[in-house]
Amino acid sequence: MSSAPPRYVYLGPEGTFTEAALRQVPGADSGECVPVGSVITALAQVRSGEADFAVVPIENSVEGGVTATLDDIAADDDLQIQREILVPISFVLLGRREMDLAEIHTVSTHTHGWAQVRNWAAAHLPQAEFVPAGSTAGAARGLLEDTTSYDAAVCAPLVAEQTGLPVLASAIEDTAGAVTRFVLVSRPGPVPAPTGSDKTTVVVPLPEDHPGALMDILDQFATRGINLSRIESRPTGAGLGSYFFSIDFEGHVAEERVKAALAALYRLIPGIRFLGSYPRADKMRYTVPAHTRDAAYRAGQEWVTAIIGR
Amino acid sequence: MSSAPPRYVYLGPEGTFTEAALRQVPGADSGECVPVGSVITALAQVRSGEADFAVVPIENSVEGGVTATLDDIAADDDLQIQREILVPISFVLLGRREMDLAEIHTVSTHTHGWAQVRNWAAAHLPQAEFVPAGSTAGAARGLLEDTTSYDAAVCAPLVAEQTGLPVLASAIEDTAGAVTRFVLVSRPGPVPAPTGSDKTTVVVPLPEDHPGALMDILDQFATRGINLSRIESRPTGAGLGSYFFSIDFEGHVAEERVKAALAALYRLIPGIRFLGSYPRADKMRYTVPAHTRDAAYRAGQEWVTAIIGR
Amino acid sequence: MSSAPPRYVYLGPEGTFTEAALRQVPGADSGECVPVGSVITALAQVRSGEADFAVVPIENSVEGGVTATLDDIAADDDLQIQREILVPISFVLLGRREMDLAEIHTVSTHTHGWAQVRNWAAAHLPQAEFVPAGSTAGAARGLLEDTTSYDAAVCAPLVAEQTGLPVLASAIEDTAGAVTRFVLVSRPGPVPAPTGSDKTTVVVPLPEDHPGALMDILDQFATRGINLSRIESRPTGAGLGSYFFSIDFEGHVAEERVKAALAALYRLIPGIRFLGSYPRADKMRYTVPAHTRDAAYRAGQEWVTAIIGR
Amino acid sequence: MSSAPPRYVYLGPEGTFTEAALRQVPGADSGECVPVGSVITALAQVRSGEADFAVVPIENSVEGGVTATLDDIAADDDLQIQREILVPISFVLLGRREMDLAEIHTVSTHTHGWAQVRNWAAAHLPQAEFVPAGSTAGAARGLLEDTTSYDAAVCAPLVAEQTGLPVLASAIEDTAGAVTRFVLVSRPGPVPAPTGSDKTTVVVPLPEDHPGALMDILDQFATRGINLSRIESRPTGAGLGSYFFSIDFEGHVAEERVKAALAALYRLIPGIRFLGSYPRADKMRYTVPAHTRDAAYRAGQEWVTAIIGR
């Protein structure tokens, strides 16, 4: 990383939920923050060194890219997750100007965003026609341009703050309390220090799908008292019957049980990729069974060492 | 189902990859086929009885909706998967009229579609600006309207056939050979007969995430020689630490080993949902280990019955 | 079984711990009880029909025969365990006549019996020489004969009762509270009714010893919440690397979870032998996990049946 | 160990199969070899330092003591198995003098020995009466004394060599080719170097018997590709429901996979006892799965170390 301020890329344009995630990253405000057109582009810029960090959605995104994110991060081992970020998914309705809802004839947003406010719109904007946009933020920013034909846009609260456009309605999402997850990605480097509430992500290719293979993998976690928090099988693109598993599990690579599980997985499947150990965004603490704590690992190794040293 | 022709809804508009999937469904051509605006709407119409069947993307969709599909189908047990459908993902470039690529200044498509032809576009349309659309098909159909400002659209080959718009380039996808998966969904009813190459989908809620819980679930498959073909953990929305697993596995509920696995899962987790047994679209046959074939099950039961009947 | 009184054979001679076990069998007092010279003989007489029942030691025997019992019962599937019997292992010292311990110069018993009173003998009979005998009871009965050269014998309390020989010391065993286990064996027939505190014995041959094979077997019990109470690997005699496992587990073949485990084992290893379900001698009750009770099995099967019957 | 020649004790008297086992121990011929009256005594003398080594039967013994051996070795962790020894079990018939079989009226041996030649005796000595003895060798040596009343004895071939008594018949065992196993035991000390064909013995107490506990133990072996060659559950004597497992498995404590399995077992059950790693008597070589060889362990650890050291 150069002495220049670090360069962050994110799934743009300005005002997306992804930018809201980026704003939570300590130090991002003194870096250069650049919106790019896709998750693939964002990750490619980190890989090539054009950018130092990317913020990309990893779960339930409003603006897409989740499976693309997983697949692209998994495709190689030249990226590392540094942090996860939780963003509340709440929508506002911005208008070209202050106006009554009844005055709105057309409203624009990303199709996924529209899906999430559909009930509210049916109740409050029954007359309005939907105009798709490439992003929620793009729809909103379009309101600033004279040539735009629609009256209002559905987007993240951040855009109101950035543009000063009037908020005609807020918290209009059909499901309250939703949160989605983003990750901060860099090239491989030092792993963030353990905090006692950490998560590790790995990608495990499975060349042949047989009933015991996944069990063999998961057994490495279960036998060491390690909880999984996410697992997804994804086709590798290398043909039918070829899969990889993207797995998040609790714990940090500096912990003995995690070291042991990773080493065991590597022995089984040398193509495993380590994508990072990083603090949990929810700071939820987990209980490590007594027999898999670091002290237990040390005691077990000392016992064996003593036998060999008799 | 009424004596009227069956009503099929699909993620529209006309000309999407989802419609291409629907066209593969036997009998759909004599039914009523209706595009709707979202996966959620499509499934809701089946649930309410407005439609008999829905075709929705379940994997890697160009036009989105995959996690929405999974989550919505999983939310209740009032839907049943009747069939899976594989559609090759190939894109064409349609023009408002016959023109040279160099003449194109603006091109429209869904953002996900654009992501999949980005390299081709960079090489062949370096001058063109991207205009987002709500769907690939919508972008193409826009070319038929006078008020549309863009010159060309990226979409499925189906739209060319439907509209007669000129094909300026074809097979322009950056990754050749990609295929994506759709499902035909109905209300619960008779399970399609086994074909020897079947798949079963279940949803398994996991109230508490502990290291052995997932193992206990997967053990029910492994111990009966049943391969998984897909597994995804998804947050239930009921709060942190609450998950469900969406699982596809080989085999049909009419097979003894599948019956036994399902009954065992039900005993462990009564909230399990059966979403259907249906033919594999790839017709790939699987080998059932001798000791878990129907004949083995019958032999085992006969042995035990003979002991009890001594 | 003929209308004549049933014939019981046991590891003799009269007065052994095995006879003490036989005396606990309801109905044995109205049968014909015949001591034989070895476990092998006892079992052979049941197999041939010469006897109806045999009582033989299965664990920790004072007078030997345990591995012989296991191996011989396991050798075929033409025997069935009807009952287990626990006998407290307590020893008395009988004298040819009333005498002080200091007067005893020689003492006889089975070598195994001698091993179990060694500490007591070292403390109380330091001067006495040990004379081996074929059984504890045989040593004691020898005292009734004029030609016997030794002064005292170590044997079961039963012999004192049978012979009237004076008890010079009692409860002389070095380990108090020991209990050993015997079984009542018949030819195959109706399985005793379940009592809620039952045990089942099986023999499972393992043609090839590989790391997962035993796990596969035990998994059939664990996954159904069935405790093992005994497991022993024994060489089959068919050459190195060929084993069988003799396993006792809680539960009765009339229980659904036991039926399911047995059927699953049969599918894996058709050479499995069922040796009986019978009441536990200790009447200890076990807790069956809710998800493996008969009601859970029925509920699981009904759920699957309802799916198939849609 | 003193500079005096090492002292070996064995289950006597002279001429037993146990002495035959001792004779196979390299260096035993230059040590002091002392028969003792029981396995318990032999082991106690090693524990106390009176003896340096004991040779005791561990499997299928003719003269008893197997469960006593297991239980006594398991009772503490102050003994170590240095070697296993296989002895062919073959019997000869020795006579007081050269005589025809028809002249024999009485024959003596240990009851277990008698059980193993019963068929031969029924065919060739139908007229002979059996006189029990404390050991096969003791029976034979009795023939040297004038006061002995019996005519012949069944014993190991070794006794013929030691006593010069005439061999009236040889290889009279009913089952040809039987072999039994003995172990050489010392106080804890350096573990014999690995040979590539080794065995390790452990004792694992199981305070509560629950369905998963044994699985958890065995999983530590299976997951590391380690075969078991023997497993026995034994009551601890500490009350019903309390067990220990005596387990032999392939491999040597100097191997990484064995180290890892032992350390994992220690973490689960700190009461585990290591009883030795020693060469297999049958020299049978085992195949270690590639992913659990020492090189794989090193590769796995290096991978994890490289991640931490980024």
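A few notes on this one:
Every chain is named by a letter (A, B, C and D) in the order it is written, and numbering of its residues begins at 1.
Everything below uses one rule, namely that contacts are C-beta pairs under 8 Å (C-beta built on N, C-alpha and C of every residue); 3 or more make two chains touch, one makes a residue touch a chain.
On a predicted model such as this, the values are computed, not experimentally measured, just so you know.
At the subunit C-subunit D interface, residue numbers used by both copies make up over half of all numbers present, so the two copies contact each other through mostly the same positions. Subunit B and subunit C have Cα centroids separated by 60 Å.
Centroid to centroid, with C-alpha atoms defining each point, subunit A and subunit B lie 23 Å apart.
The geometric centre of subunit B is 62 Å away from that of subunit D, both derived from CA atoms.
Counting partners per residue, subunit D has 219 as the residues that reach two or more other chains. Of all possible chain pairs, those that touch are A-B, A-D, B-C, C-D.
Those residues of subunit B that touch subunit A in the shared complex are 37-41, 59-60, 63-64, 66-68, 110-112, 114-115, 118, 130-135, 138, 175, 178, 209-212, 214-215, 218-219, 221-222, 224-233, 235, 237, 240-241, 245, 282, 284.
Touching subunit B in their complex are the following residues of subunit C: 188-191, 216, 219-220, 223, 253-254, 259-260, 262-264, 266-268, 270, 274, 291-292, 296-297, 299-301, 303-304, 307-308, 310.
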